[in-house]
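Can you keep this structure in mind? I'll have questions shortly.
Order as written gives the chain letters A, B, C, D and E; numbering starts at 1 within each chain.
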């Protein structure tokens, strides 16, 4: 076999074409004399939300086929995690879905906790819920801004990013970082929330309620926006389930499947919230479901703040969690644990576990295999963006290019999560 | 979550429907239930679980590969099934040797669960498991012309040469 | 008058160059562009002849509409280069001959004595000559029948173009509706439209009433601007 | 500026157009050449209108424009139809149009 | 007919063109205006969009960021103009020139003040032609060639799609614009912009011709390819449409042409519908009123851009052909009937 690099770049690029598919243009009616135009949307394109490449076959303005090609930001995080101690791998998994880092971290930590059979204190669980729900709002806000931008409403991006920044301020208060906070720790959270956090969070939710109302007033009462979304990109519920689609996309068809309710984790059963569902599953439903989810998330945050239990914020199992700073100066044991943890990490008994949670984009599963050492033998993320991307073809086929863009926007794919 | 008894009931039903050898082992650990299935029976077992009217596992939440390196058979494909009716998860695992995996012993389940399409590509890409019957099995994340399957445990970490203009003379085999 | 003469020669050169370009260039797209240049030069000549309404009409009608049609068709048919190869019969030989003969004949007719009568700058005309008003008056008063016939001709041509250009599928799919329908999918089944039927029964799940249930207000009756603003706005 | 100049120019453009019609084989270009001839006629009409200070020629030119627009629409429609039916876009081979 | 410049426009002039120096002054003023207005508009739009989007906008270069357009131009000029291998280079070079040329030429007929407002007899417009509205339409339809050649010559699929969209959009909305202006022309009894403005000394045409005004505004947005009708360059779909492959000052020229187009549309709307130079105060304030009205319309352009999402292609077409065109035709019919009856 000759070296791949000896083949000119153009020819290598041409290796991925529709001819390789068994039946190009399956599922659509194209006349024999139709003028087809193959076009690459992406990898660098304003609307692909990252480096997603869509191989589109157009007939005029109508998308007859779309094949998503991915891998342009594949950074091998799953492989890299195998070389990291468990508690250091958290920083890696956080960078997969870079808009929902708390969820990645939680899925991984929960999987490791299950392997360790480690109990998480209730206060830590509530703090996790608060941060995950804030993260959900932040993620949906980013989606709202970019989706509206793709539809041509440019101002939404700045407004939603303004509000997202307030959430990032909160994250900075609690975790010290704005993105990729590594706030969740195996066994709990790394630090208690600082004074003032609660008041600021309440201020935020109160503020955010009016803001969402304003955004709805801007978008929902705009005839152009509504008509761009109405009755577009409908995929039947059964087909979505076959495609493994979960999260708001599935709920937009009227299915109320939400892991927070269906299989509660992290004390979600303590909170009173509703699951917004749509009716027909078009883009408009997807938009409405996400907007409503933000409101529900704010309710959860407020309830969690109201009922925040007293107690430790991390397990007192010193083999898993770092001892508090002040103990290091007084306790020899704490120093030893600290040394062991920092140098070697903790060991996890052999076993494998699949932990699934509800991320802003759907079911986020973390599969961890432990071989008894202090490093995981396998970390796999079932990322919802990755799975949901498969429904793009069904959503966008036989629609116009503009609808394809709207479909990408409503799909809300995060390329970091898709490629990992 | 399926309790151990429930898992045995499922295993018995599967054995009854597909065949005695279709479930090699049942594992119940950390609150998760897993059936260990030989690769040639994977399709029938999943088909049975998928369409069984009593307790259908209608949703394939995840399909992923795994490499249990020192142990043999080394490679494994995991299927995480979910029943939205029962709100229960069930793992199905099949373990194959490297040679068997590359010769295409594991059947595709894309006909049962279209969601498996990308994920089987991913497993093929990272572990080299060749799914028999998959329509369009090719690399997904790695470049088309990549050699090797990077998530196998014996694949070294790091050291991928990256081509820039400043080092294009030094990248191995650039002139070939 | 010097400026006028310079302008005439510039425009005439442009018109001739455009005309030659139309005939000589092998790519139809460039031919079309050459014709656009020719038409613009002609518009300038019209201005020199005090026909400003016609000059504007020339640009609006020809350059703005007719040539756009040409561009569309060239883009659609895909700029086919002139097929080379064996000529088809005697026309290939006779064509240039006839063309040359015509040129000689026309040259004799014009360069000869025939043009003495018009070899002047023409009479002085009033300021309104060639203005929209003058043309309108003529059209509406003296040439009303020609005007009406021309408008019917346009109508017939428009209908004929629609008939010619539509796809041969049957009448119900003719016309511009096609693009509109292609984006729509068939009606979804009742199963997905009804949250209660499609929901998989999580105990705490509760539709927040994003919309009225499907049986009360089907998708056909939904008012786009107000849909979904009911229940969720209050909280 | 002598009107004769305009008339001579019109004659030349007409000849060029006629030459194009006679020599080219692509029906699109033949249509374009027909446009040339019609425009040459227009130019002559307008020149004569100026020569006699009478607006009638301009009205004729206007009508010619209308006719030209119709001709273009029909001609292009024919070409598109031919292209759709995979007929050769070549005036020499349009024998199938004989019915 | 003594001056050479007058000879060009003599055929088309309605009112007296004035002596040569007046023509020269007019030309210089219009060009100076153009070169000032477009960068100012770019600055204004960026500042205002900043305000709309609760951010600051450019504020570093010069006081309140006023020199930002200068910095932009310097950046664009110093950039490399790349040409794809599939492109037709000379055509890529002339396409932006066509775009900006048609926009500048249209500015020539905009009347900024009453004839004789500053003494003399001539109109405060570059040229006052009897075919004013047709002139505007003619150059509007020529502007299409800039977009078409730019997109076609780039040899890129995005550009090609963009230019095809531009062609379809401009053709569709040209008709609506023409019909909406026809109502005014009927009411005023003239096509000359000076006459039309002069006919509005009692009541602006926006009052009797409100339907025409709205149609003109909507179709004007489409004509200038501004949001929500910016489909030819819909950045989310076609990257940048017809100017995807343009860089450096070639892109800058397209950019400038787009803003000039906004100014032209605003100016025509102000002159035709909003009474042009009419306003309270003495006559020499006319240009001020004209500029004020233009500014209001330009602000509307910016405001709409900040607020409204983009239409889809089929929605654009059906809006143009199924709503605007019948409405404009009806408007013309009603206007004509009323003019005949009254």
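Following the convention adopted for this analysis, contacts are C-beta pairs under 8 Å (C-beta built on N, C-alpha and C of every residue); 3 or more make two chains touch, one makes a residue touch a chain.
Since this is a predicted model, take the numbers as computed values, not measurements.
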Minimum number of chain-to-chain contact steps, subunit B to subunit E: 2
Between C-E and A-B, the pair joined by more C-beta contacts: A-B
Of all other chains, the one whose Cα centre sits farthest from subunit B: D
Subunit A-subunit B separation of Cα centroids, rounded to whole Å: 23
Chain centre separation in whole Å, for subunit D relative to subunit B (CA means): 70
Between subunit C and subunit E, centroid-to-centroid distance (C-alpha), Å: 21
Centroid distance [mean C-alpha coordinates] between subunit E and subunit A, Å: 45
Two or more partner chains touched - positions in subunit C: 1, 4, 48-51, 53, 57, 65, 76, 130, 167, 179, 183, 200-202
Multi-chain contact sites of subunit D, meaning residues that touch two or more partners: 84
Multi-chain contact sites of subunit A, meaning residues that touch two or more partners: 61, 227, 257, 262, 400, 403
Residue ranges of subunit C touching subunit E (in the complex, touch as defined): 1-4, 7, 29, 33, 36, 40, 47-53, 55-57, 59-60, 63-65, 68, 71-72, 75, 127, 130-133, 176, 179-180, 183
Subunit D residues touching subunit C - in the complex, by the definition given at the top: 1-9, 11-20, 22-26, 28-29, 31-33, 35-36, 39, 42-43, 46-53, 55-56, 58-59, 61-63, 65-74, 76-81, 83-84, 89-90, 92-93
In the complex with subunit B, residue positions of subunit A that touch it: 2-7, 12, 15-16, 20-22, 70-71, 74, 76, 78-80, 82-83, 114-115, 117, 241-246, 257, 262-263, 351-354, 356, 363, 365, 367, 369, 371, 377-378, 380, 382, 386-387, 389-390, 419-420
Touching residues (chain side subunit E, partner subunit A) in the complex: 49, 52-55, 157-158, 161, 165, 227-228, 230, 234-239, 305-315
Of all residues in subunit E, those that touch subunit C in their complex: 4-5, 7-8, 11-12, 14, 129-131, 134-135, 137-142, 144-145, 148-149, 152, 160, 164, 167, 170-171, 174, 178, 191, 313-314, 317-318, 321
